[in-house]
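What follows is a single structure, and I will ask about it in a moment.
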């Protein structure tokens, strides 16, 4: 097995029911390192439920979830994971500034009880720049528009540059231009940094353009689009760097072509690596 | 009254102790209060003091130390509130209301079962003018404990208060933290209530935080501002009450509320 | 009740009204008496103001009731005074206290740590064990007056003679009151009386009466059905025609019984304070006890 | 105790009145309570009773009718709560906490200024065993008022409680409605407290609603269920307290809390 | 002036600031009967603010808003208006069923104090069918997925078949298929029923496809795409009917063509009727 093919997310015969109402049944999914997995499904199909099971906010009624090969029960490397939920528990009157919330993406297990360093503040600055909210840094989050708020939570998710980024409808309310540039950052991260993605979206077109047209059916209502990356890793480790390379790309494009829609088509020869045994009774435990 | 006569009050030990005790509680209350208010537990001071009464009454009834039983009841109540807070996660303040009813009901039951006079409330309510050295040491201890807890765990407390799910996903042992916060809250509040009285503690937990959240845009500043509000009210209030011969707790609290109203008025609030 | 400390008089502070009345009578012109807790205010709702403490610290004598009535805040208050404490007199000292549970079976509190020091005070027991309403019997009042006399003499031996003379005079009044109570009891057609709250146990003991109360000593408690039914059964059985009630704390319970049983209500004042009207009318402890006697006289008719 | 003896209690007028009064308040409290709890004002009963004390104390102080001033204060407090509720629209329960502190502070100030005899609390707290005919009539009136108000305005109340913005956009005069709800709440609660006591009213407002919202999926059913919970607790509680000789309010409230816990346990709650 | 050209929404020199921070300045916009207006702009441009000004949830600091020719102050025909906000004040534990919430769309001024009729219940049934949530009718709204909840609020907005429908990012979280079918219902309503629309969306493509490619710039960050309809009115008045005609359309399409994307292009000769005088100092008061 190649180094990059280690499983990052494994659902092993996972079943879940809310109050006796089954939502997910006997799910077997493996997402590997450097996969970009897009989860698509109708409303109520169980996408959010699945993501919450993966990050441990829900406990499966049967089966096991493993992250980076470790069962969730004993998993403790939460700094390797970033998660943007579908809905935020943001109280509009909670006095927290954009900067504070973005910084809180760094408050992971490893850093408990440690003070923030100047370096951390520049990371926050970069993350905010990446989402175009650097001007809003000192505003109260509750006073932002819906899309601006979503950008804050996206900035929080990438500030830590986690190895696995789990995004539940991350573009909700975000304007077209920011969607494009953020997705490009994600793509750059996917292709040139050792990162794995699991993303829910209803934007079929955007998903298909990057992830190809051959989804894997998890069950009748859920399908997974996966693209694997073998791109060369680049040395830059800061978000700013992704942003710069993105900007360079953009300028290139702008000088090269003006045709709309073109900038989206970046297909490379990614092979689908997700292993899915939906519905099967066995599978490697 | 001449100025010298007015300043005379500062020479009295009881007044000095009141000022010192007030400053200590005035530091500690909003610090822990912020994490209570934003969890929607702003009435926890009132509730714990009422629940304690049940413990005190039971102490009288079965012949155990009323005061210790009062504290035990406060801790149990805080744990029950924490449990109910997850059941009513979207209406967390209901947990407080339920415990309030339950506590008062238990107290009424115990009191009616007892035959004695049960000077129940006396066990609970202090007054800021009647602090002794031991009270001051306890106040200092409580304040130090809260201060250290908040300083050391600031990041964790911010995250768990702002977004409990995010805290879990970033690996914070949320259940353990919640338990810790709960027990610390119960202990410090019930200690503080015994020392300076339920009125003052409940108000200092809530009102400065309510004022600062209107004035400040970020959490750190709102926390600092709430301490400033609180200390200003305590110092001015204790002094004014001392010179003008008013009820001290009442004066401090009304001053706080005045400061709150001034803050709201100056900000005019966001139009809906 | 002037609040100022008088330089040329003995400054006496009392915790509540009857003690104020007693101390004024005995101290006469030599003393300036002030009552701390305004009459009728529940001590729980009261907290001292700065002048209360300052002046208390300058006072020569502080008189409180004891017997669980005011100990808990008196203790806090006194410790807050530090060194400059006045002499403290516990007025109920020496009175044989009635255990709080009417049956007389006291709890065993022996092992309990006594966090609530009583200093020079009387009982070793936790408050709450005894009925605190000692002042409601003229005989006890006499004993309390004696204690107050002792305190005054101790802080101001110079005027001992005057104090003794005043005490004798007051004592005569109390004796007269006692005689009147005896007379009423002698002519009584019955020896039981029914009250809303159980505040008159000392009176009952001293005059051989039986007090039946709907509720115990605590004003915080809710009546239970047995409380109500027992008293109703008693009232029916004995053909009681009057129920004695405390105007301020529990008129509704008495009213309910009176309404349900078709009997009448009579006021019985626990004399914890004076209303402004009573004050204006020049009432005092003795006169109020006489009013109580009027009610009692009716209630004790056959 | 034989069964006849046990049933004997039903022949006592005070008990019959308690049962009747309890049934009336038990109908009215959760009906108005639902609209309070879902606005996060579940502690309004406790708060209004404490604020009333300030009014009663002021009444004694200035020689006006304590009871009427108590009600006036309750209404003013309710209006202030409504005002603060819009300021703290996302932390509505803070408005209650602030008024609680302010009310108790005012009360302490007035009490400390008072010279006369003020048995302040006696003016406020009723007991379910001490109802007279007038109380029953008031209870009936209050219950009828609340029942009619809720029945006639059910749709409007639902909308304004569930989504105040939507209510405005569909043309509901939201400010006027809020005012109406506020004043009705203050009046009925303070009347009910005077009759059966603060403990019982506060609990009947909150706990049945807390239980029913766990059990029912829709609003209409939750409203009906809360009345069922409330009446069951009142009837069983009054009877049990009558036969078993417990404090009646305490018994009813503890029964309610027991029913709440049973409901939560039977639903097991949604796993987070 | 034609009968269908009466102004429905008029912003007359409208200015608005939050806490002294100006958001909208001297806005002059008129949206006329049978316009379908799409409001596009970057995050924080002021779209939501503008919609809240129009429905009266915010008061302009200067200028006037008129609905159906009447100044907002005195406007009282709220039953002619439907509004779906960007964010719902939905408390997940509030015990309200889907049916109750959809029905609450009927609780308009005219019906205060009146009881619901059986007719109303069948309307609710239709609205729920239109959004595909009829199976969820008795579920508690707080227990639905994000997209399902959004569908509930969409159903509530159309149950009353208002003359003016104001939608703030209505497709948030709604799955692709439902977006399509709901948008088709809207289009049918626009073309064949006397209805006016004002809709905010970040889905440029969807907007452009129906509304054309020539937006009117309101200010540098906001633009309005408007399409006017002169389509024949049809007699049906129930939602079910829109749905049925939609289904008929669909079947037709399905038999006619299988090309993706085609079903979106429904341009008809709508002329742009919105009158915009952004930034001008005067204009008809």
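Note that the chains take the letters A, B, C, D and E in the order they are written out, and that residue 1 is the start of every chain.
Throughout what follows, a residue touches a chain if its C-beta (ideal position, glycine included) is under 8 Å from a C-beta of that chain, and two chains touch if they have at least 3 such contacts.
Note that this is a predicted model, so its numbers are computed, not measured.
Undergrad: Which chains, if any, touch chain A and chain B both?
TA: Chains in contact with chain A as well as chain B: D, E.
Undergrad: Compared with chain B, which chain's mean CA position is the farthest off?
TA: Most remote chain from chain B, centroid-wise, comes out as E.
Undergrad: Can you name the chain that lies farthest from chain A, using the mean of each chain's Cα atoms as its centre?
TA: Farthest chain from chain A, going by C-alpha centroids: C.
Undergrad: More contacting C-beta pairs: B-E or B-C?
TA: By number of C-beta pairs in contact, B-C is the larger.
Undergrad: Measuring from the mean C-alpha position of chain A to the mean C-alpha position of chain C, what distance in angstrom results?
TA: From the centre of chain A to the centre of chain C is 75 Å.
Undergrad: Take the average of all CA coordinates in chain A, do the same for chain E, and state the distance between these two points in whole angstrom.
TA: 32
Undergrad: Calculate how many whole Å lie between the centre of chain A and the centre of chain D, each centre taken as the average of the chain's C-alpha atoms.
TA: Computed value for the inter-centroid distance: 48 Å.
Undergrad: Let me have the rounded angstrom distance from the C-alpha centre of chain C over to the C-alpha centre of chain D, please.
TA: Each chain reduced to its C-alpha mean, chain C and chain D end up 36 Å apart.
Undergrad: For chain E, what residues touch not just one other chain but two or more?
TA: If we look for residues of chain E contacting two or more partner chains, we find 18-19, 57, 91, 93-94, 143.
Undergrad: Show the residues in chain D shared as contacts by 2 or more other chains, in ascending order.
TA: Touching at least two other chains: 38, 88-89, 91, 107-108, 111-112, 213, 246-247, 249-250, 270, 272.
Undergrad: Indicate the residues of chain C shared as contacts by at least two other chains.
TA: 47, 49, 221-224
Undergrad: According to the definition already given, which pairs of chains are in contact?
TA: Pairwise, the chains that meet the contact rule are A-B, A-D, A-E, B-C, B-D, B-E, C-D, D-E.
Undergrad: Using the touch rule from the top, collect the residues of chain E that touch chain B in their complex.
TA: Residues 18-19, 57-59, 91-94, 142 of chain E touch chain B in their complex.
Undergrad: Which residues, counting only chain B, touch chain A once they are in their complex?
TA: For this pair, the touching residues of chain B are 38, 152-153, 155-156, 158-159, 162-166, 168-172, 212-213, 216-222, 270.
Undergrad: Using the touch definition up top, name the residues of chain D that touch chain B in the complex.
TA: 37-38, 40, 42-43, 46, 86-89, 91, 93-94, 96-98, 100-102, 104-109, 111-112, 199, 202-203, 206-207, 210, 213-214, 246-247, 249-254, 256-257, 260, 264, 269, 272
Undergrad: In their complex, what parts of chain C are in touch with chain D?
TA: That would be residues 1, 38-42, 45-47, 49, 219, 221-229, 232, 248-250, 252-253, 255-257, 259-260, 272-276 of chain C.
Undergrad: Taking the touch rule as given, give the residues of chain A at its contact with chain E in the complex, in rising order.
TA: 18, 41-44, 47-48, 86-87, 136, 143-148, 151, 169, 172-179, 202, 204-205
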